[in-house]
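Next, two complexes with chain A in common: one pairs it with chain B, the other with chain C.
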Partner chain A sequence: MKHLIVKVIAILLLIFFIGWEAPKESLEEMGIPSSISLDIEKKGKDEVTYEVIYNAYNYEEEKKITSSTIVAEERTVSQGRSERQLKSNKKFLIGLEKVIVFSEEYAQFGMKTAINVLFGNPSINDTAFLIVCKGQTRAIIEHTIPGYPSSADYMEGMIREAKDFNFFTDNYKLIDIFVRMDSEGRSITLPYIELKNENEGLKITGIALFNKDKMVGMLPLKDAKILNLLSAGSGKGLITIQESPNIYVDYYAKAKRKVSCKKESNKYIFNIDIDLKGDIISNEYNKNLQKDVKVKEDLEKNLAAKIEEMCKEVLKVMQNQYKCDFLELGRVAAAKYGRDTGTDWNEVVANSIIKVKVKAKIDKQGRGDY
Partner chain B sequence: MNSEKSNHLKPYEITYIIIGSTVGLGILRLPNDLVKNAYEDAWIIAVISAIYPMYMALMGIYFCRIHPNENILVLSKKYMGNVIGTAANLLFLFHFIIVTAFIVSGFSNLYRVYAVEFLKPFAVVSLELFTAGLLVYMGLKTIARVNTLAFFVLLLTLLGGLAALRKGSYLNLLPLFRSSAADIAKGMKDAVFSYLGVETLFLIYPAAEKGRKIKKSVFVAVCIIMVIYTMVIELTIYYEGTDILLKSFWSFITVSESLNIPIINNFRFIFASLWMFIAIKGTANYFYACEFIVRDFFKGVKRENIICGVYIVLVCITMNMAEETVRSKYMNLLLPIIVIFNVIYVSVIAVIMTLKRKKVNEK
Partner chain C sequence: MTPNQVTKLLIANIINVGILRLPNDMTSFTRQDAWISIILGGIYPFYIVLAALYLAKKHPKENILTLSKRYMGSILGTVVNLMFLLNFVFYITSACAGIGNFLRTYVISYMSSFRFLLAFVPLAAYTAHKGLKLLGRLSEITFYCIFFIGMIPILALAKGSYLNVMPVGGSGLLNILKGVRNSLYAYSGIEVILLIYPRINNVYMLKPAALKACIYTCLGYTWINFVTVYYLSTNIIKKTMWATLYTIEALRLPIINNFRFVVMFLWTAVTLISTAISYYSFELIISDAFKEFQRKKIYIFSIPLIILLPFLYGNEVKSRNIISIIAPISVVFNFIYVTVIALFARIRRDED
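Presenting the complex of A and B:
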C-alpha cells in the first residue's frame, strides 16, 4: 500500500512538471474588461478598420475601482488583441464583461464578424448585454458617471431594468443573439443608446432593428414601445389614453402574445392575439370605474381598440417601410409549413395580412381614487 | 484490496455499469451528430438506433442464461476454435482500445477548450487515464460503485439542463417528419458511437450475483439510455433551434449552462467538475475491459504490470489522435467497422452455440 502511494505521487508530480504552465497573476495584475466595444471606420471601398475598445477596471488602494480605456485599431476584430497588448500592461481576463457596445455604423455594416469571434471564445460572458449606440462608441465608453467605475456598469443596469417600462424584452443578452441571428424566421432588436451631451447623460432612445446581422433602421421610442409590445417575451409598459389634458387614463400592463398562422391561396395570414393584464395607475376618465361594471368593460374595450390602432400603425411601418419581419412571425410559419424551403420570410411577412387582436383586462386600481 | 472475487455485482450495479459505459461526454455533442442529418426529427434516430444496444443486450442475456460462468472470451475459443477465437478476441480488444482512445481524446479536447486551457494535451490525457487506471486496479466492485454514483451525478447535470425549458420554444421542435428515410439512415451511422458500450456486459456477467436474472437490469439500462438521449436531443433543439445548434461543437453545454441561480454567476466550473466525473467513469469501464481481455491473454502476469502496459499503449494511441479533425477522421473510418465486427462476433458465437446445443439435445 505504501509502495503504491509513493508510485502514485511520483507519477502525478512527473505529469504536472511536464504538462502545466500555471497562470501566476494576482487579481490586481489582471485586466478585467467591463465592456468590449466596437466601432468601424470605412476607408475606401473594400477596406475597413475596426476600432476595438477595451474598458478595463483598475483596482486601486482603499477599495477604489476606476477604469481605463484602450483603443485598438486593426483590420480584423481578433487582431485587436495584439494591438491591445502593445498598449496595456496587464494580462486580460475576459468573462466578466457587462455590456458589449456596437456603434450604429458597425451594426449597419453587419455584426457577424464580431459575433463569430465572441461565439468561438468559450470564456466570454454569455449574459452580457448587447447595445447599439449612436455616434462614436468611444465617447460613450469613456463617458464617466459619478459613483460608477465605468459607464458599462451603468448601462448594464439600464438595459436590465428597462423591461419594467416600455415593454422592453429581456432578450438582449449575447446568448439571445446567438440563438437568433442565423435562425430561420427569427430576428434581432437591440436597445439603442444615445449620449446627447455630457449633462444629459445616457438615454435609451429607441430600438435598433436588424435584418439578420445588419441593422436596417432605428425606431424611436414611441413606435419602439408598440413593437416591443408586439414581440414575444415583452415586459411591462405604461399606456396612456388621452382625450384632453384633463381626461385621461394610465394603464400599466403586462402583455402576453400568441401568434397563429394560416395559408390561403399562397398568401399567409398571421393572427396576433395580445392579452394585456394590468392596473389603472391614474384615472381621470370616469370616477365610477370602481363601482360600475359597465364603465369598466367600456374602458377595457376602449383601451383594446386604441392599442389595436397603435399596433396597426407600427405594423404598417414594418411592412411597408422596412419590409422586414421584426416580430418573428416567420418562425411560426416555418414551424408549421416547413423549414429550409428557401422561403424569404421577410418578404412573406411584408406581403402578408397581419391581424392584431388586443384584449385588455383591468386587474387592480390601486388603493383609492383621489 | 482485490475483493472482486468475494463481492458479486448486484443487479442494479449491472444497470449502472451499462449506462456508465454508454453515456459519457459524447452526450454533449450527440445533438450535433444527429441534427446534422435529420434536423427536427433527430429524436427518431435516437430511438431507432437503440436497436443496436437492444440486440447486444438480448445476446448478452442469452449467453448468460446458457453459460452463466463463462465470459465471451472463453466462449469464443470454445465455439470458434482456439485460433479463430483468439484472433476474434484480439479484435474485440482492439475495439475497446480504440473506443477508449476516442473517449479520452474527446475529453481532452473539450476540457482544453472549456476549463483547463493552460494544460497541454499530454497532461490531460495521461492524468485522466491515470485516474481511470487507479480505479481499474481497485477492481470491478469499485468500478461498479463509481458507476452507481456517477449515474446520479449525470441526473444532476441533466436536471440543470431542464432550466432551459423556461427559455426556449416548442416552435423550434416543429415541423415534425420532414426528413426522409435516407437522412435517418445516414444519421444512424453517426449515432452509433453514442450507443457503444453495452459490449462490456459480455465481460462482466459472470461476476453477477448467482441466482439472479440479469434480464431486467440490462433492459432497464438500455431504456434509460434511450430516454436520456432523446431528452437531451429534444432539450437542445427546444432551446437553440436546429440552425444554431450546429454552430457550436458541444451544443448541449449551452443548454446545461442556461441554469441561472443568484450568487453563483457561472456554472461552468461546477459542471466541468461534474462532467469530469462522468468522463472518468466511462474511461475506467473501458480501461477495465481492455485490462480484462489482456489478462485473459497473459495469464500469470501480475495485474499491476498489465495495467501499466495497457496504460502506456492507451496514452500513445490517444496522443496520436488527440486533435479534433484527426479524431473525427478516424471515428468516421473505424466506428462502422467496429459496430459490424461486434455484431458479427457476437452473432456467430450465438449461432454456433445454438446449433451445438441442438445437436446435444438430439443425441
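Presenting the complex of A and C:
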C-alpha cells in the first residue's frame, strides 16, 4: 500500500513536471486562422515586400463565428509573424487553416519562399487547399459571404467540390504541392479564382500553370477542362458536342489516363490513352439513340474523335506556347529511362511527339429520352 | 523467456526512433533502390544471430561476456567487454537524443530537452530494473504497436505511384552496395542476443526465434522504405527530416483529426521499451565486470550520466552527423568481437 502511494505520487509529479510549461489558453483566447494568404509588392529591382494576410476566427457569444483579417507587410514571409503580433490580441494556433491563397503576382514571382516556410512548420495543415487568385489577395479574403464566417470556408468547398465537373483533379492540397514542386518530371496546376465584383462573387475561371515554383500562365476554363482531362487523377466532367443550337449531345464522363513512352533515335514519343466512361445527360442528336445499337456506337466514335481533336489543340498550346510539361509525362519517361540524369523534361516534352487516343463509352442513358 | 518473447525483444531493440529517418539515411546514395540495399544489409543481423546460435550450441549456459573473459583472460576480457558496453551506451543515448529532438519538433516545442530527458531516462531505467521477463512481455505489446503503425502506410499506396520507385536498379550496382553500408547501422541492436541467449527456457527454440526476428525486421525495414519512396519520391525525402511520418499521415480518420499524435504516443512507447532493453544490457555488462555493484545502484548512478550524454549530440543535424561517425565503428567492433569469440569457441572446444 505504501509503495503504491509512493508510485502514484511519483507519476503525478512527473505529469506535473512535463506539463508545467504547456500552453493553457482557452479557445476564445486563441486566434485560429481560416486562411493564410500572400501577396507581393515589387519595389524597385531587388526589393520585394510580402503582404501576409491572416484571416482568423472570432468566437463570439451564442455560437456566432465571425472572422477578422490582419495584414502584415514584411521583407520575408516568416517576418510577417512578428508584424502580425503587433496588430493582434491573440496567440495564433495554426493547423486548422482551410485554404492558402497566393496572388497571381506572387505566383509569378515564385512560390518557393512560402512553400518552404509551410514545409518547415510541423503543425501546418497539410490538407489545406492552395489557390491562385487574380488581383489583390486581400480583396478576396476580405470579401464577405452571408452565412459563412469567412470567404476561406467558402473557397474550401469550391475547390473540394470542383472535381465533379470540369475534370478538376484532387491534387491541390498542400501535401500534393510538396511532393510535386521539386520532383523530377512533375508539375503543378492550381485552381485560379477571380472576384469580378462584389455582386457576382467568387468564381473559378481557370487553372494556373506552373513551371517548378513559378506560374507561367493561366488557362481559361475551356482549355483548362481539357488539360484537366489529360492530367492524371482527373475527376468527372461534362462535354458537349454541338452542331447547331438544336442538335447537340451532353456527355458526363469520368476519365482514366494511361501513359506510355517510347524513345526513337533521341526523340521521345508519348502515347496518352484516355478511357472515358459516362452517361448521356441530354440527347438532342439522334432520337434513335435508345433503340439502335449502331447509333450508340456511332455516337461513341464521334465523341471520341471530337474529344481527341480538342485534346490535340490543347497539347499544341502546351508544347508550342508554354514549352512546359503540365501533364507529368516526364515522370513516366524518367521511370523508364532513368532518373537524376539532369534531363530537362520540359524541353524533352515540348520537342516530343505526343499521341492521344480517346475511347468513349456510353454507360447509362438516364431513365428515358423525351 | 519464451521463444516468442525473444523474437519480439530482438525486434523491439532494433526498431526504435531510427525508423522514422531510415528513408532519409538510405536514399542519399541509393535513391529509389534503397529497399534493395536494406534487404542486402540484412546480412549483418543474420551474421550476429548465426554466431550467437553457434555459441549457444557450444555453451548454452554462458553468455558472450563469460566466454570472452575465459578465452582472453579476465583483464583483457573485461576490457573488451567494457568496449562492448559502449555500444549500448551509444544505443541508449542516440535513441534518447533522437526521440527528444523528434518530439520537441512535433509536439512538445515548449519543453526543454533536459526536462524531457529527466522524465524519459528514469522511466527507461525503472523499466529495465524490473528485469528481462517484464521486458520480454512489454516487447510483445510493443510488437503489436509496431505492426499496427507499420501497416498504416498501406493507405499511402493509393496515393503514391509506382513511377517513383522505377526504374528498379537504375541507381547502379555501386551505389546499391554503398547503400548496404548505410543500412547495416539500421540493424544495430541485434547484439543483445549475445547477452540473453542463456536465459531462453528452450534452447532448441532459439534458432527459429532469432531467425524470425531477423526476417521480420528486414521485411519491416524494406516495406517502410519502399512505401516512403513510393509515396514521396526520393526528391522530396531529401527535403524532409523524418520522412516515414508522411506515409503514416496518409491515414485520415474522421474523428481523430490529427492521427499524428496517436502515432507519436505509440512510437514514444516503442522507443522507451527499446531504450529499456539497451539499458538492461548495459546493466548486465557492468554487473558482470564489477561483481560488487548492486543492480539498483548501477541504475541510480548511471541515470545522471545517461541524461547528460544525449546533450553532446546536440540538435538533429549535429546528432545525425555524430551517429554517422560512431555507427560504423560500432558495427565493425561488434563484427570483430563476435567473430573472435566464435573462433575461440571453435579452437578451444576440448576444454569443456
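One rule holds for everything that comes next: the second predicted complex is superposed on the first by the 354 of 370 C-alpha atoms of A that agree within 3 Å, B and C clash if a C-alpha of one lies under 4 Å from a C-alpha of the other, contacts with A are read in each partner's own complex, and residues count from 1 in each chain.
We take it that a contact is a pair of C-beta atoms (placed from the backbone, for glycine too) under 8 Å apart; a residue touches a chain by one contact, two chains touch by 3 or more.
Everything numeric here is computed off the predicted structure, so don't read it as measured data.
Once the two complexes are overlaid on the shared chain, A:182 sits against chain B and chain C alike. By the touch criterion defined above, A:8 reaches chain B but does not reach chain C. In the superposed model, A:119 lies in contact with both chain B and chain C.
When the two complexes are overlaid on their common chain A, residue A:293 makes contact with neither chain B nor chain C. Residues 18, 20-23, 95, 119, 122, 126-127, 175, 178-179, 182-184, 186, 331-332, 334-340 of chain A lie in contact with chain B in one complex and with chain C in the other. Chain C makes touch with chain A in their complex at residues 31-32, 105-106, 108, 110-111, 115-116, 118-119, 123, 161-164, 166-167, 170-171, 231-236, 239, 246, 249, 252, 258. The touching residues of chain A, counted against chain B in their complex, run 1, 8, 11-12, 15-16, 18-23, 95, 119, 122, 126-127, 175, 178-179, 181-184, 186, 232, 331-332, 334-340. For chain A in complex with chain C, the touching residues are 14, 17-18, 20-23, 95, 119, 122-123, 126-127, 175, 178-179, 182-184, 186, 331-332, 334-340.
Across the complex, chain A is touched by residues 1, 39-40, 113-114, 118-120, 122-124, 126-127, 130, 134, 169, 171-175, 178, 239-244, 247-248, 254, 257-258, 260, 266 of chain B.
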